[in-house]
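Shared chain: chain A. Partners: chain B in the first complex, chain C in the second.
And now, the complex of A and B:
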């Protein structure tokens, strides 16, 4: 390879190399500029997230741990019956969702994956989205990826859904006619009233939001934002929300999972 | 060259929605009042300061010492009445996208060309013609660039 390369016209090779270096440098800068919503919070809220005894999201994780070990449905199986110890088997799983689900020809998010398992394997009813049980299990599973890098699957079948998510992110919506990107890309770090606008990296979901007084999903956050711009929110588990979640996870690739995070 | 644009916005079919008042954009301005009358600056101030209706202070700051948290996403309203003419302010209120398609400023008097508007709000502008005129009248009083602006 080296010999073949050396036969190329030198100037062309050098300029290609320089272009690659420049691109590499640019993407390194872009990566460094990414910030978790954690960075925009006051010290008290940061301290609440960092201390497991103070972080209310840990209560949801405990809910999830109990459910993980509880038999459910006609199968009489618990999650643990097949998956064993979640602290080992679920490590890194939440960091790579949404993932492509061949039986659906579409990506599923973690909440959807849990329900596929419940319905298909446990023969139990699906958990309603945002229910205490659904949030608990997703939080417990998410917690097993805490500190790991977000690592979206390198799966070409996801590409069209990534593109759909990106299109949604830049689509202006609602009576107030805002896109996600107009606030979270173009005006991140600014203030909407008192509230700092974060960069919209979904690093900590499900997370405990002080405004909600509850642990909730990224899709609950989407719905809040859409209501804020006076748009009709998409449904929980809708293809649109899963595509948007997929796009945002790709955008946050390499950032650390914080589940369960705390946000204002 | 700035073409004379006539806007006659009527709502197709929606019985509950009222038609928007027609307006003319000329040389970067809407010179004529949407109601044919001058607005009330005191009512306009209330709308600007009210976060559920006007929403202005989410992005702009202005001479509202009683409002603690004002946004910083857009230019201050202090002095806007000295920086812009009445017609320029009215156009930016009605549909700032006509001035700058990339603006984040919502169009306060527009019902078409929007996506997924919440069902209860479809066919309705953010503010009605009277409210637009009240806000325009208030903003015109903000001649002073320093905070707080002086009301006349």
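And now, the complex of A and C:
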């Protein structure tokens, strides 16, 4: 049996939204009631995520593994030349990003950290965000934290960025004038048309989204939600997205990494 | 980058066992009906045929069409007969074929 294309394109999500401005009953997400998006999926999609030989996100992890070992740039070095076996050296790394980068006086996300090594250490051009290569490496590195707890760095330099992320998360935006929190805190567990509203935990990224028919980043997901409320999405790697990512990782502290997850 | 395939078959089986085979190929399955950012049609790039042989004999084949999602996942069953090799071949609309093999030991 072959999979069919998703019948739920993004444009429908948007029109459903217009029709459903009255969302379900309010229920703030208590710390101990946290649930991964996995819990809101149907059994078929859960089975796809759980089986490494059916989970298409594993194809991106394989891309990443090949790149990890391939020499690139003027240095002629591969990631492995310096970092060795990723299953040891990259264990737990994705679980503690974004992290503060002193040379930037700002946090960097994992994709940004990989590009710092591409440019600075490998002397190779930065990988474009969301390219097959960039997603592959981030997926392969993320996979090395699978099952480990999200453990944001305890770094006071990150506090102002956490606060910025929280402000963005609770700020109304777009023509439909919704904040992330209105859906993901106040109406988590409810529905938006046919789609269950998850609590927006960043546990599975990069992940394979059936609607994308591809593996994509957390920031791609943010852009979908922003377009859904008809807001102008921030760009990939923008300080706003890194702050949002930081806030969501803090909010999901202790939850298990699922990379590469599958989502509808 | 090269296309990648994941193949799941039992390593061993008893003669007469029904074995399940699952295959997952990385492929865009670009329909040829979509327009890109420049307004031009994105050329069709799909797998059109999948064939699995077991010790040289075709045990499963399928024709694929543009309505099949990216990264086609195909699963089917066959009966374990002799130890040997499964050959999986995916052919695209440009006539290029990607091949992968897997071994099975039948007791």
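Everything below uses one rule, namely that the second predicted complex is superposed on the first by the 233 of 264 C-alpha atoms of A that agree within 3 Å, B and C clash if a C-alpha of one lies under 4 Å from a C-alpha of the other, contacts with A are read in each partner's own complex, and residues count from 1 in each chain.
Here is the rule we use: contacts are C-beta pairs under 8 Å (C-beta built on N, C-alpha and C of every residue); 3 or more make two chains touch, one makes a residue touch a chain.
In this text, all values refer to a predicted model and were calculated from it rather than measured experimentally.
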Touching partner for A:230 - first (chain B), second (chain C), both, neither: first
Partner chain in contact with A:171 - chain B first, chain C second, else both or neither: first
Which superposed partner A:105 touches (first chain B, second chain C, both, neither): neither
Which of chain B and chain C A:59 touches, first, second, both or neither: second
Partner chain(s) touched by A:194 [first = chain B, second = chain C, both, neither]: first
Touched partner set for A:132, first chain B, second chain C, both or neither: second
Common interface positions of chain A, toward chain B and toward chain C: none
List of chain B residues in touch with chain A within their complex: 51, 55, 57-59, 68-73, 97, 104, 106-107, 114-119, 121, 124, 126
Sites on chain A touched by chain B in the complex: 171-178, 182-183, 186-187, 190-194, 197, 226-227, 230-232
Residues on chain C engaged by chain A in the complex (per definition of touch): 1-2, 4, 6-8, 22, 24, 26, 28-29, 62, 64, 67-75
Complex contact set, residues of chain A against chain C: 1-6, 51-54, 56, 58-59, 62-63, 66, 132-133, 136, 210, 213-214
